[in-house]
Structures are given as structure tokens and as C-alpha cells.
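Please read the structure below before turning to the comments.
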Amino acid sequence: MTGNSLGERFVVTSFGESHGPKVGVVIDGCPAGLELVAGDIQRELQRRRPSGELFSTERKETDQVEISSGVFNDHTTGAPIHLSVSNLDTRSVDYEERRHTPRPGQADLVARLKYGGNEDYRGGGRFSARITVGFVAAGGVAKKLIRTIGMEVYAHTVEIAGIRARRVPPDEGAKASRDNTLGCADSEAADKMAEAIADGKKHGDTLGGVVEAVATGVPIGLGEPVFDNLDGDLSKAFFSIPSVKGVEVGVGFQSARMRGSEYNDPLTVHDQEVQSLTNNAGGVIGGLSNGQPIVCRIAFRPPSSIAMPQTTVNLQTMKEQPLLIKGRFDVCVVPRAIPIVEAMTAIVLADHSLRARLVGPVLKKR
Amino acid sequence: MTGNSLGERFVVTSFGESHGPKVGVVIDGCPAGLELVAGDIQRELQRRRPSGELFSTERKETDQVEISSGVFNDHTTGAPIHLSVSNLDTRSVDYEERRHTPRPGQADLVARLKYGGNEDYRGGGRFSARITVGFVAAGGVAKKLIRTIGMEVYAHTVEIAGIRARRVPPDEGAKASRDNTLGCADSEAADKMAEAIADGKKHGDTLGGVVEAVATGVPIGLGEPVFDNLDGDLSKAFFSIPSVKGVEVGVGFQSARMRGSEYNDPLTVHDQEVQSLTNNAGGVIGGLSNGQPIVCRIAFRPPSSIAMPQTTVNLQTMKEQPLLIKGRFDVCVVPRAIPIVEAMTAIVLADHSLRARLVGPVLKKR
Amino acid sequence: MTGNSLGERFVVTSFGESHGPKVGVVIDGCPAGLELVAGDIQRELQRRRPSGELFSTERKETDQVEISSGVFNDHTTGAPIHLSVSNLDTRSVDYEERRHTPRPGQADLVARLKYGGNEDYRGGGRFSARITVGFVAAGGVAKKLIRTIGMEVYAHTVEIAGIRARRVPPDEGAKASRDNTLGCADSEAADKMAEAIADGKKHGDTLGGVVEAVATGVPIGLGEPVFDNLDGDLSKAFFSIPSVKGVEVGVGFQSARMRGSEYNDPLTVHDQEVQSLTNNAGGVIGGLSNGQPIVCRIAFRPPSSIAMPQTTVNLQTMKEQPLLIKGRFDVCVVPRAIPIVEAMTAIVLADHSLRARLVGPVLKKR
Amino acid sequence: MTGNSLGERFVVTSFGESHGPKVGVVIDGCPAGLELVAGDIQRELQRRRPSGELFSTERKETDQVEISSGVFNDHTTGAPIHLSVSNLDTRSVDYEERRHTPRPGQADLVARLKYGGNEDYRGGGRFSARITVGFVAAGGVAKKLIRTIGMEVYAHTVEIAGIRARRVPPDEGAKASRDNTLGCADSEAADKMAEAIADGKKHGDTLGGVVEAVATGVPIGLGEPVFDNLDGDLSKAFFSIPSVKGVEVGVGFQSARMRGSEYNDPLTVHDQEVQSLTNNAGGVIGGLSNGQPIVCRIAFRPPSSIAMPQTTVNLQTMKEQPLLIKGRFDVCVVPRAIPIVEAMTAIVLADHSLRARLVGPVLKKR
């Protein structure tokens, strides 16, 4: 394959560019008989949109999903599911000018060199976060699919601008994090994060942060050795979200500072089943799910587009020149990344559930 | 594919189990005309073996590579390259006993549940680090391949047991890190790490650490949007190494605490080319290489097999029972992980070089 | 992958159902810088539509293609190309009734059993020839791509109802076959075929035939041993066209009756290049193109939907009952299959041209 | 992938060259718990070897299979299965000479041009029928796997040198065809074929023929629309066998001469199940198995290596020169192709059984 498809059995093929007619996905491999209506997707897309002026000045679009194939009588047919959203609010910035003055930190320059100047450079084109509309739409289907075997997925903000949230148990985070617009289960930390964002906005600067993905109800044995590990596939999926610079599973980088006697999750018996008392492994051992909640953390760098003066190089004159970016800004993408992180988590779990044959080719006969 | 192959154009298919007859790989997609002799592979395998009793009591094997296909007259033919190593030192531990008492932190239990008890449980079977012999062998080929277009790869120890090495510039790390058995470019830190390892060994405990992978001479534009990003594929490849719990690119998790104005690497002109003055991005922007050195850090948890008493569950009686693991131990896998990390880095870069068509189907006519 | 994508480097993902909102494709892997406008696709789609009442009563649709991504300023961007056509003329037959009385020779029954009754059964759903609209659209792009390296593709009718056309040289067939609505280069045979079709129509019966695909200007060495052979991939692609029951390359089945001394194409020197004097091999040796024109013949069975009374089984009562199919009929699909056969040929050649790295990642810098 | 792997869920990766150290396969995706011993493979390999001097003077090798991974305690483990055979009888012909005088009809010339002269040209290298040793070995595993769900596969000779065997019902062909060395169920025809072969041998010429593959006990619904059809995948697999020039399913090319009213297999009820009275479709409708026996015919051209004088081009002088090939000859490959055709059939059916999730990830718990 050539880069725009993800997965082996629940295959998401992405298409679209920021300012082209449509963005969307084709999902191949979804079993027949899954109940699915546009509202299931729409609800997820809604969560991706900014809920206030706090951290974003993103374009305002209704992002109405259109289902063009694969669903019949409100159930999946087993054929490819085609989901798309039209790009409506494509404001006319002077893109011609920007074309020759790549923004630092953005893909402008590498895209131009890779595609020989043929790339759709308007609004970041194929490299725009706009593409994640399709990811979230696919995630809506994946969530419904994995729910049929008892899995739930959520993500929440655990750090912004260096302010870390208190840890919450996996089964409490979902509810608690939905209480504030920052998607943070620790309301005190959320207040401080909001202040930091307001401060960043005032200075025209941007902020990074960390999102945690959690999956509960995960069956044992998802993941394929030795390469298509569950953690490896999750990691790859997370890195496809713009601005991600790090992924860790369980205690992650902290494990590098632990001793084996601390790190090993002791085994015990609970309800006639073997379980681990702790979850330092984050639900993945040997690349396979071990029945514990899956816990990953994803680091987001600050958005590259800042309202402060920067220096760039004019590709026509090959001389440095000042750059002042105008238009929309995200001060911090972390809160809006939450449904995207959830989508990628659900997509990978759906794929591996199918690979492990835990989900049948037909969910419901009709 | 089904989990034991990695890559799209330089495809590494792994086979073998810890105590089976052989471990190895088949490499499909390597261009014809690459000079290759067994010594190229053997040299890499040698680096994977323990250089002393300091951090490991791994089995002693000569690990002689056998090339069974794809090489003719010391050059690759364009046909699949088959590399294998026989498993010789497979000491007879009482594996039958261990079979019912899974080791905490190891894949024993999940493997048994996933494969219904059919898995080769001797020495970790398919989940053993022994499998990485094949990775390193494939890495030997990949390194030679990417060198034809000017890329070099190395890895070094940047942290063990919480002791961090001083940072070194990308072009100095390779040489400096080869001076000590820990593969650490900071000799002072290396001494402290050695002490920590000695201490861990004394207590029968194990230690984690962090390895940094660096690639220099990387052309611009490696990586495919939106899913097969260079960073995503590197991350996935690293997670296939046993014990990895986190991967970060460039400043990684630290970027989550930075402001955009700090993080953005400013663009400038150098030798008629646009370059960035700093490398917070770690050589990857928008999932594509940007010409800067690629820098990734990989977190290794401490090895699960400790010489201290632990608790497990006997799967026959479903009762807890004490566990004392005997046999070989790695106090810390970090130094021996270096050639493995290099191999995975080189494999992914080889694959993407082929995908970007920077390497021809025929390297040299004969 | 899961069945709805074809190719490795020029990957066509198909979506849509006969009576759903849209049918189309996403093409991933097309190089950047290929000139492409909607008219290029539209022209191909036009050829797929019936040119008269002779052999078909297919639905009348304008089949306007919509390009939703991957094209910018009339050139491909390197991002996925999304092509779709809306289904407009979806007449309301009583599909509910037909649902329980599967048509002999059609996929109605197997689809129902495979998808548990969730399949979109209207008009054949995913198994309808309507899906080939997407194939033809993708073929339009593939044809333009392979033309950049000198390849041309055409198909023509060589047999209908047992009437065989005289053979024409590869470089004459394209022109000659476009002279009549049957796409047959032998006008005498075409007249007889037209009579046979008229006769079939009168009786409410249907007819099969054979289409020949020809590619000229093919470079040497397309195809990958040992599995992804050029002939194997062509064959697989042809079998994805509804009604195909056989594929042969070069002299094909006739070669089974030849002696080696007759079959072997003798080698000679022409214009300083080694060439074969004859082309019994059909342009493929050892699974690779040998520089001669590629010649394949594809057998189409007669359409299953006949206007004559048939017997079926009512799936609700599990009793036999008479069946009389109403609605549209194709007496013979062969003439309309021509652009579809061309499309599949071009798609496979495009894919292998990219695999052999004969086409660059960027065709034209802008 | 890059050409040397076949399948999606039962993935066969082939390696080896005719005169290299080993030929073999890695099978990825075989479920755990399948009983498997070397004898299962050895039996199949034995059938691939010539049973007399009648139609072949192939090299004499014992072809002992070695299982290097994936099998433990006589059962598959779920890990990749590595099967290999050493090449022992690699007689030293003067390959250097032949290198510059390509044999007509063979891949010598195209291979040289594709691989820039780096190909292992000894004995046909990667293009030799020797590679099918690996196919047959993999087929031995596939046969055992599909037998667990009631499928049986066989192939038989239906035509040699224009002599056609009488048709036999699918359930009788297997037994009848094993009675003679030609693998032909019609003993009268077999006698005539033997005469034709003796005559061909006398003249130093070679003969083609047709093999029919039959699968019985096939469940309904194998195959994936729209591209990974069962017939398309079978066809592609057959074309990977050297010398194949045509594939047809059911009545195949004959269907092109039939009317719909003749061709359509009427539906009826038998044992409470819907069945078709005839099997013109050859067990595949809409690309899916319909429960009837699968019947394919595969055309083999005569072997290129004849003992008669031919003309070739000397690539160094670029002048024509006479060629007289010495060494081993196959007068007719058809009888020896039978186990290879069976292997490819079984491999594709195994793959699609896994894709349709008719075979579990664990066959037997231990």
C-alpha cells in the first residue's frame, strides 16, 4: 500500500485536502450487520469542533457527514463504508504568497520538495489537521464495532503547558474528563491549564500537552507478534495525528527509571481468572493485550502557527525574510485532539479484534 | 499480512523461536547489485552479543549467519535474501514446570491464552529477544543499502537507571559511544551506569534505560502521508523490540512543555539550501524527513526476569505460588539493544528510501 | 487488505453499491504532476455507456464524474485521487420480492449467505456491473500515467456467440475496432455478431463472447517474480469484472496443443535490440514483460438475467417456483466490457510501472 | 509487498534459487494447533518428483524437507512455519557460456535486463520450476488446514498434446487419476498421451497440456468482492506456476459460446438446502464460492528447453547464433504440475477460509 491506508482487517483509506472539495475515508472490512446511522458519526465530529474561543479560532463548519456506501437499512452491508464531509469554509487567504515562504515547523517546505510543487498548498493541503475529520468519522464506526465485544475507549487531557492533572482510575476518567472543555478529569488542573492557554493566546504563542488514551474491557490476546504488535500499531496510528512527537504505553518512559522488582505487575487470581494487581505495563505485554485497561500517553508539540513574528526563507529569492502568519490559530490542539486520539485507538482495536477473529464477519442476521 | 512481516518495499519477514532449530529473516525487495557478504551480517550479529559478564549472562552462541538465497557472486540478485542462524545453546531448563507458572511481566500467560497452549513456550518461544537476531541480520543489509545514498545510522545509550548522559552532537555520538561497553558517549555517565548495573546484579534486580537512535545524511521527503509517516513507521518498528515502552522523536515529550515560539526550528539559508537552525523536530516534519538528522529516543523497561522471589499463579491449580526464576539473566538490556535499535532504524529508512524511489531497482550492473 | 483494493503502488480502492448514493474509487500512489482534468475520466465513462438499443437496455445516466481530492490546478498532487459518480437512475423495482427468490447465475444467493441478509440487494448491490464505473474512472487515470512512458492500451471484441473475428496486428486493432458499435476490428464478423445479438434479443436470451486486451509500447521487465507476475496480476484484475470465466495470455489454451519447437518465439536482432520474431508468449515470459505487445483474451459468459422463464427457490418457503425477471437487460456485455477491460489492463500496467520504478514520484515540477 | 509473498491471512513467502543453497517458504498465519509432521510435507514433495524416465530427465534429489520453526510437539504453534529443502544435485553446466546466449521461451533475457546481470542465472535461478518445491511444501500445510473444515483438493491431467480425457465427476477424479503416472483419470486417453510423449521425446521436442483442479466440500461464501475474488486469486496463484498461459473456471471459454438459457445453473432444493443442478459456474459466482465443487482448468505451454537446434542472439556480439541446449529436459511438465496445481489451490482456499473466518485462530487447545 502507499501510505494513505491504515489497518489490515479494518482498513481505513483517507482522502481529501484542506481546501479541496471533500475530506473523508473509505472503511473496508467492517463486518455486516452493525447498526450504523449518520448520527453515530456526527456525534463524534461534533466533539472535534471547538467548543469556545478559548483555545482555537478554527474555521466554523457544520461538518455534516455523508454516507455514500456500505450502509443499508441502518446497518452495515459488509461492503466498503464511504464517509465524507464537504469543505465549506475555505477562506481565501493569499496562498500564492505563502507558497514561497514556508512556515517554520510546518510541512510546507518538505511537501513542496517531495511533491515538486504540485501539492495543494492551500491551508496545509494534505498535511492539514483538517484530514483528521476522516479519522474521527472512521473512529465513530470503530467505536460501535468494538463496543459489540465490550470495549470502550476514551481519551483525556493529562498535561498542558507543563501543568499535570492528577491521575484517575481508568474507569473514572471518561466521565470526569467530559465535565470541562479541556477534557481534563482534574478540574483544578484544568483551571490552571485554561489560564496558561489564555496567557499563550495573549502573547500570540502556542502550547503543547499530553493526551492519555484508555481502553477498557479489552480481551486478552489482541496484537500479533512480532511486528504488528498492539502497542506498535497504536503508536503508528497516533503518530499519524499532526503534532504528535511521542508515545508511551503504561508507565512508559518512567519504566526506564524503575527496577524490575518495581515494574513487574504481580499476578494474582481474581474471579477465577489470572489478573495483574497493577498495570505498569499499560495493558500490553509482549505486544499483546493482557486484559488490563490499555493506557497510552501521546505528546503533542505546540502548534507551529504562532501570531508572533518569525523568520523564514523566500524560496524564490533564497533569502531570509520576516514572516507574520495571519488567519486562524489554535493556541493548543490538545483538547480538540481528544476525539482524534480516541478514534485512532478505536480503529486499531477494531482492526486487531478482527485479526484475532473476535468479531465475526456477520454481526447480526437480517 | 499477518504480523511477522515489516515494511512495504524492503520487507522483512521474521521466523524462528527461541529454542527451535533456527531464527532468521527473509528480506524481499532489496535491489539487485548491492555488494553483500556474510561478514557484513556477522559483524552486526557480533555487536548484539554480550561483551562481558557485566550486564548479562546470556547464552553463548557463535551465531553464524547462513545466507541461503538472494546473494550470488557477493552481490544481491534482486531475489529474496534468506538469512538464518542456528540455535545451538538451548539449555534444558525444566520448561514443563514453568509452563504452568507464568513469569510476571513476560508474555508467557498472554501467549498461552492466545495460542491455546500450542505455543513453543521454551525460553519465551516467539516472544524471546532471541528473535532479534533476525532483526539485526536484516539491519546489516539495510545499513549497506542506505549507505549507497549517504545515510548512516547509529544508536547509543543515553540513560540507564535514571543516570542520563550529556547530549552529544549527532555527528559525534557514533564514535564516542563505541568507546565503552555500555555504548554511552558520555564516559563519566557510563561509569555511573556500570555501577548501577553492578548494584542491580548484586541484588538480583534489573534496570531500564533509554537508547537514542540517530540517522545522518537523510534525504528530504522520506515518509508517506498520512499514515505511513516516517516517525510512525520508526515508532512501530521500535515497539517490535521486546521491552520497549515508549518512543519519542526530537525533543519528544519535552515538546509538550514548550511554547511554539521556542519549539519551531527557524529556517535559514546554508550553502544555497534551506535549513533549520535547530532540530527540535528530530528530523521529521509532517511525517516526512526534513534533511536534519533523525533523532529518536526509545524507552526500555527493566527485564522481567529477576533473580528475586516473585509471586505467580499456578494455572493448573489456579492458586498463587512463589516463583524463583533460574537460568540466564540480563540485568539491563540497553547496551545490547543498541544494534537492534540501529537495525530497526536502518530497516525503516531502507523501506522508505525504496518507497520514495531514491534507490533504484538495480544498484550496479554486472 | 480486505478485498476492495487492487494494486501495490497504484492502489485502487473501490466503493459503492448499485442503488446507493455513489460509486467510485480512491486511487493512492499516483505520482504528482500528472496532468488530469475531469474530461479525461468522462471520456472513458462515456465509452462504457450503451451506444444503442442493440445489445442493452441499461439504465440511462449521465455518469458525471466528480474529482474530490488529489487534483489541483489540473495536475495530480501526489495525494489520493477521489473519483465518484452519483447513482441517479435507480428505478424502483420490487426488490423486496426478489430478495427471497434469487436469480440463477447471479450472486444474489451467495451474497445473502455470506453477509447474513445485510447486503444491499437492490440491483445486485456490490455485485452489480455498476461498480465498474469506478474501475473505468481509475483506468482513465492509469491510461494517462502509462502514456507518459509510451504505453498504449486497447481492447476489442474478438468473439461473440461463437463468431470469431479475423486476427489483426496489435498496432491496427485499436483503430479498426472503434469503427463499429461492437468494438470489433473485423467488420464482416461484426455484422454477423450483430445479427446473433438481434436474434438473442428476440428470444429473450443472452450471449457470451471474448474480448482481447492489447498493450503496446511496454517496457521490458514489468512484473515481479514469483507471485506478483504481470500475467497473474492481469488475470486477477480481469476476474474482478463481472461475468469473466477465463483468461489466457498469448496463444493461451492453444499453447497446450503446440510443440515446443512451434511455440518458442525465436530471438533475433532488430535495431540493435534483441526481439522475438513471433509473439506466442503474448508479451510475457517468466511473469515479466518482454517488450512485445501484451495480448490477453478474456472470456465473458452470457448475462444471467434472461427474459425467459426460469426456475428458482423461494428462500422463505424453501420451495421451487417459477421466476420471470423484469427490468433492464443486457443481451451481451462484451461491447460494453471493452473500456472495462482496458481499464483493468491500464491499472495493472500502471501499478507495475511504479513497482519497477519506471515512473518517478514526481512527473513534472511546477 | 514486493512480489514473493502470496495471500492475506495464510501468507506464503517464497525464497531460493535453482542452484543456491536452499529453496523454501515461510508460512505466516497458519492457526495454532494444527497437527503437522515432516511426513505431511514429504509426501507431497514426493509426488512432485518424476516417477519414471517417460516424460522427464529432471535432476534426482531426495528433497528432504526441514521444518525450522512454527511446529512444536507435532502441532503448529501459530508462529511462522519455515520449510526448506537443500539443493543438492546442482550439476555444473557451463553457465557462463549460456549467460550470453539466452534460451528462446525462457526468462533468461528478461531476467538479465530486469536485474542488470545480477540475477543468479544458473539453472534459471529464481525463474526455475525448482522454486515450486516451496509451493508444494506450503500446499502440504494448506491441505491439512482446509481438511479441518471438510475441503479436499485434487488435480488431474485432462489434456496432453491435444488428446483430451473423458470428463469424470468431481468425486471420482481423485481416485481414478492416481492410477497412472500421467495423473489422468481416463486410462485410454492416458495411453495415447504416453505415446505422444514418447514421440515428442524421440524428436527432442516438448508438449503442452491442461490440468484441472477440483475442490470439494467447499463452504459457501469464500472470496471477497470486488477484487479479491476466489476465482481471481486462484487464477493469480496458477499463473505463478511456470509455463501457465491460461486459466478458466467452470465451463470457462466455452461459456463465451453459450446462451444464458443454457449457461445458468438452475436452482433447486436438496436436503433443505438450495443447490444448483449443474455446475457450469465451476463453483464460483460473483467471485464467491457457491457450495458446488470448484473446477478450474490451467493451460501449460510446452517446455521451452528442447533438444532441437534453435537460434538465439549472443548478447556480447549482438549477432544471431545457433543454440543447442544440453542437460536435463522435461518433455511435458503436465504430470509433475499436478501436485503444484493442487498446492496453489489449497493455499488460496486456506487463505480465503481464514479471511472468511471459517477457521479459528486456534484449532486445538493443548
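All chains are identified by letter, namely A, B, C and D, in their written order; residue positions are counted from 1 within each chain.
By definition in this document, a contact is a pair of C-beta atoms (placed from the backbone, for glycine too) under 8 Å apart; a residue touches a chain by one contact, two chains touch by 3 or more.
What you see is a predicted model; the values in this text were computed from it and never measured.
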item	value
If a chain touches chain A and chain C alike, it appears here	B, D
Chain whose mean Cα position lies farthest from chain C	B
Chain C-chain D separation of Cα centroids, rounded to whole Å	26
Inter-chain centre distance, chain A versus chain D - centres from mean C-alpha coordinates, in Å	46
Residue numbers of chain C (touch at least two other chains)	1-5, 8, 14, 79, 114, 126, 225, 356, 361
Chain D residues touching chain B - in the complex, by the definition given at the top	1-5, 8-9, 11, 13-17, 20-24, 26, 28-29, 32-33, 66-70, 72, 75-82, 84, 114-120, 125-126, 361-362, 364-366
Touch list for chain A against partner chain B, complex	1-6, 8, 14, 102, 104-107, 109-111, 113-114, 126-127, 131, 159, 161-162, 200, 205-210, 220-221, 224-229, 231-233, 235-240, 242, 244-253, 255-269, 272, 274, 276, 280-282, 285-290, 299-306, 308, 310-313, 315, 318-320, 355-356
Interfacial residue positions of chain D with respect to chain A in the complex	79, 225, 356-357, 360-361
